[in-house]
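I've put the structures underneath this note.
In the two complexes below, chain A is the common chain; its partner is chain B in one and chain C in the other.
Our next item is the complex of A and B:
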C-alpha cells in the first residue's frame, strides 16, 4: 500500500529522471541534423563563443524548433489526459476525435484567406494564426459534443462522431487546398501530416504564455479531473458541479490542442500514448499524471522530431509521421486489450 | 424443427411479398433507367460541354473526324463507365461487409483497404520500378488484402466482443500507420507527387483497358455476390441463426471476404481511395428494399453506380476547369450519414 507521501516521492523521482532524459536528448538532438555540430562546438556556441555559422544554425533554427517540440509534446499530453479523464475513454485523443482536424481546417482557411506564402508570415499573422487554430478547435469540439449528445455523452458515440467529424474536415481541407497555389499546396500537405514549421523565437514567444497559463490551470484543476474521471454519479455525490466543471476542463483541453496544432500541425496519437504511459507509472491521480505525461510527451515528440530529421537525411520526415509509426502499434495494442 | 418453421415463415412471406417483388423489380428497372440517363448527362458535361444528341451520335454513329466524338469515345465514355463500375464495386463490397459483420459502420474505406493498397503501390513503384499497370494492380490487391486481414485480425484477437466502434478504431489505427509509412517512403524516394495524385482519388486515369479489367471483375464479383446473397441474408440475422440452419458460416465469411477484396482491390487500384460509397449506399438500399440481400446486392450495385457517376460529374463542375477529388465529394455526402449512424449506434443492420 503506497501512502500519499510515497507517491509524491515517487513522482519527484520519476520527474527528475524524465527531466534528465529530456535534457540528454535535447543535447544529443542539438548535435544532429543536416549540419552536424560537435558537442564541444555546441557548448561553445551556447556560451557565446561559436562561429557565425554555428550560431545561425543552432540559435536561429535548431533551438526554437526543439523548444517548440517540447512545448507541443507537453501540450498534447495535457490535452489528451484531460480528454481521457472527461470522456472516461482510454482511447480519446485530440487527433483521433477530430479536434486537430478542426484546428487544421481553420489554419488552412486562414492561410487561404491571407494568400501569403506560409514561410513569410507577418507579425500580426503570427498572433492571428493560433487564434484561428483555437477557434477551429473550439468549433470542432462543440460540433462533436452536440452531435454526440443524446441524453448524455456515451464515450463510444463520442469517438465515433469524432471520427466522422475528422473525415469531414479532412475533405473540406482537401477542397480548399486545391484552390491554393502549388507551393502553398505542398506546404499545407506536409503541415497537415504534422510538421513543426515556422519555428522562430517570435512564434515561441507567442505560444509560450498561453501554453503556460493553460497548463497551470489544468494542474490546478487536477483534483476536479480526479473526481470527474470517477463518473458523473460519484462526482455529483462528492459535491462537484459536474456540467460546469466539465465544460471548464474541456475548454482547457481544446484550447491546448488548438495551440499545438497551430505550431505543429496534425500530430495524432501522442495525446493518447503519453497519458497512458504516465498512468501506468503513476496510477490514476492527475496531480501526478499530468506533469509526468507532459514530460513523456515532450520526450517522445523531441525524439520523433530528431528521428524524422536524421533517419532518412537529407529527406526530412515530418514529425507527425514518425509519431504515427511509433504510436499506432501501441494504440492497436491498447485497442486489443480493452473490452 | 427450426428448418420446418423457417420454411413455413418463408412460405407466408413469399405470399405476402409477391406484390412487393413486383414493386422492387419495377424500382430496379427505374433505377437502371436513371443510371443510363445520368451517364449520358455526365458524358455531356465537362470542360467542353457537348450536347446530348452529339453524345448519342458519338456512341452509335461514331465519326472519327468529329472532335467531340473523339473526346467522348476516348476520354469521357471510359471515364463514366469506369465511374459506374467502380461505384457498383464499392457499394456491393460495402453491402457484403455489413452483412457479414453485422456492423453498420463496416465499409471498405474504413477497414484499412485503401491505405493498404496505397502502401503496396508505393512499395512496388519504388522497389520494382519496371512493373506494368496490371502488375501494379495486383500489388495493390495484395496490399488491400493485407490491410483488411490486419484490421479484422485485430478485431478477432482482441478481448471481448468485436463492436463496430472497435473495428472502426482499428481501421483508423491501421490506416494511419500505413499512411505514415507510405508518406515516409514517398518523401524519401521523391514520389510524393505521384502518390499525391493517387491519394486524391480520381477517375481521370480511367481508360478503356482499365474499364475492361473492371468490367470482368465487376460481373464476376457481383454475380458471385448475388449467388451467395441468400446465405448472406441468413448470416445477417446472426451467427447462431445461421449455424442453427446448418450453414457453414466460416466458408460463407471466407467467400464473402474474397469477393469484397476483389471488388475493392480493383476499384482502388484504378481510382485510388474513394470513401463512403461502400458505407452509405447499402444503408439507403436497405431502407428502400428491406434486408433481403437477394435484393440488396443488385440495388446496391445500381445505386452505387448512380452515386459515383453523380459525384464525378459534381467533381468536374464544382471548380471547373479544375477537378476536385471525387473522394472529397463523396466524403461530403457521406460524413453526415456516418454521423447519423454513429448517433444511432446499436441499431440492427
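Our next item is the complex of A and C:
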C-alpha cells in the first residue's frame, strides 16, 4: 500500500536503479564482443585516448549498436504499454499482434524490390526505410482493427487475429525470400527474427528525433491513457473524445513499432514483458508505467543483444531470438492466467 | 426546471431500431428511474442521454442545448456517467480511481490541485471509503467497488448523475446501501439523478419520477404512485401484480406477482416474492 507521494518517490528510486543498471550493462557490454577490450582501454577510448583500433570498434561499431538497442527497447516498451492500455488487453504487443510483421514485410519489400538487394544501405534509404516500415505497421494495424476490434475487444480474439496476420505477412515475406539469392535470403531470415542491423551513427540520427518526439507525446498523453484504460464508456463520461484520442495514441504506438522494426527487425515479446514488469512494480498509472517500462525494455534488449553477440561467439544469435527465449515463458504464463 | 430532455429520439444499432420516437423531460433536483423488461431499451436510452451512443435522429438537450453541439469535456462538467459494471485496471487504488473523476476540471498533465484533493477527500468520506483509499479497486467486495465508482462519478462534481443499474450483482443490503447513498446525495447536494434499475420496489421507494418503458416505447411516466399500479405493470411487464403500500416508506410495493400468459410453474403460483426478478 502506497500513497500518491510515496509512489512518485518510488518511481524516482526505481528509475535511478534502472538507469544505474543500464549504465553498468552498457559498460560491460562495451568490453565484450568479438574483439575484447579491457575496461581501462574502454575508458581511455571514451575520453579520447584510445588506439585507432579501439576507437573504430567502440565508437563506430559497438556504441551505435548499443544506442540503437536502448532506443528500440524503449520504443517497443512504449508501444506495448499503449497497445495494452487502449485494448485493455494484457497480451497486446506489437510483435504478437502482427504490427511488427507488417512493418517487416514493407521493409523486405522495399529492400528487395526497390533496391534489389538486402545489403548495402544507401544514404537516402536510411530515410526511406523507417518510412516504409511505418507504412507497413499502419497497414497491419488497420487490418487488425478491421478484423478484431470492431466486434468488441476480446483479448483472445485480438491475439488470434494477430497470430493470423503475423503468419500472413510472414508467408508474404517467405515468397519474396524464395526469389532472393542465398546471401540475401540469410540476411532476411536473420533480420525477420530480430537483428540490430545497419548500426551506424547516421541511422541513430535518422531515428532518434522521431523516437523522442513520439515518446514525449506518449508521455504527454499518459493521463488520456489512464482514462482510456477504464473502458470507452467511463472515458466518454469523463469527457474524453474517445475515438479521436484512441486514434492518436494508437498512431503513436504503431509509428514507434514501425521505427523499431526498421532498426531492429521483428523483435517480439519485449513490448509485452517490459510494460508488465513495470506495472507489477509501479501500478497501472501511465505517468509511471511508461518511463519505467522503457528503461526495462532498454535493459532487456541490451542484455539480449550482449548475450546474443557473445554466448556462442564467433557465431552471433540474433537479438530477437534471445529476447524470445527470455520472455516467451512469461507470455505463456500470462496466456494461461488469462484463460 | 428541466435539466435534461429528449425530443423525438430514434435509437438503434445498425439496422435494428430499438426506440422509435421518444420524448421526455428530466426535472432538476429529482431522482428519475427508468424501468422496463429486459431488452426494452432502457440501457440504450441511458447511453444515448450520456452521449455514449449516438441517436439515429432526434435530440437530447442538456440545459436546453443540443448535447452533440456541446464540447464533450464541458458536458462532463455537468453530467457524470456510470456505466453498468465498469472494470478498473488491475492495481488501481481507490484514491486514484476517484482522482480520475476530477479530469473534466483539469488540463494537460492532470496534476491534482488543492481543490481536487478536497473534493476527492469529500467523495471518500461520503461513500465511506476513507479506510480503503489505498486499496486496489480489484480487491474490493462488490459493494465497496460500486461505491468507489460512485465516488469517482460524484468527484466529477456535476449537477447530473446518470447510472446504469448501479445495484446489479449486489446483495440486498448493499443494494439498499447504494440507493440510500444516492438519495442522500440527491437531498443534501441537490444532485439530479437518472438511473436504470431492475428492482421495481427500489425504483418506487427512491425515485421522485419513474419512466416505464416497453419495446422502446414510453408506457407511463409519473410519480411512483402513478406508475406502480397493477395496470401499468401489466402493460409493461405482462405480469399480474399485487401492489400494496409499504408501511415503512409509504411507497407502493409490488408484493406478489405472477405471469399473465403462461402459468406453468404451478408451485410458485401466488408465492410471495420478496425480490421480484423480472422475466
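Everything that follows uses one rule, which is that the second predicted complex is superposed on the first by the 325 of 339 C-alpha atoms of A that agree within 3 Å, B and C clash if a C-alpha of one lies under 4 Å from a C-alpha of the other, contacts with A are read in each partner's own complex, and residues count from 1 in each chain.
In this text, a contact is a pair of C-beta atoms (placed from the backbone, for glycine too) under 8 Å apart; a residue touches a chain by one contact, two chains touch by 3 or more.
Just so you know, these numbers come straight off a predicted model, no measurement behind them.
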- Query: Once chain A from each complex is brought into register, does chain C clash with chain B or fit beside it?
  - Reply: fit
- Message: A:302 in the overlay: touching chain B, chain C, both, or neither? Say first, second, both or neither.
- Response: neither
- Given the superposition on chain A, which partner contacts more residues in chain A: chain B or chain C? B
- Query: Is A:237 contacted by the first partner chain B, the second partner chain C, both or neither?
  - Reply: second
- Message: Contacts for A:229 in the overlay, against chain B (first) and chain C (second): which applies, first, second, both or neither?
- Response: second
- When the two structures are overlaid on chain A, which partner does A:25 contact: first (chain B), second (chain C), both, or neither? neither
- Can A:290 be said to touch chain B (first), chain C (second), both, or neither? neither
- Quick one: classify A:218 as touching chain B (first), chain C (second), both or neither. neither
- Task: Please indicate which partner A:207 is in contact with in the superposed arrangement: first for chain B, second for chain C, both, or neither.
- Result: neither
- Contacts of A:82 with chain B and chain C, given as first, second, both or neither: neither
- Item | Distance in angstrom between the closest Cα atoms of chain C and chain B, superposition on A | 17
- Message: Please output the residues of chain C touching chain A within their complex, sorted ascending.
- Response: 47, 50-52, 72-77, 79-83, 86-93, 95-96, 100-101, 103-104, 106, 108-110, 112, 134-135, 153, 156, 162
- Residue ranges of chain B touching chain A (in the complex, touch as defined): 105, 154, 157-160, 163-166, 168-170, 172-174, 176-177, 179-181, 183-184, 187-188, 192, 196, 200, 275-276, 318-319, 322, 324-325, 327-328, 331-332, 334-336, 338-339, 342-343, 345
- Item | Interfacial residue positions of chain A with respect to chain B in the complex | 91, 96, 147-148, 150, 154, 156-157, 159-161, 163-165, 167-168, 170-172, 174-175, 178-179, 186, 189, 193, 268-269, 312, 315-318, 320-322, 324-325, 328-329, 331-332, 335-339
- Task: Going by the contact rule at the top, pick out the chain A residues touching chain C in the complex.
- Result: 1-4, 85, 88, 220, 222-223, 226-227, 229-234, 236-241, 279, 283-285, 287
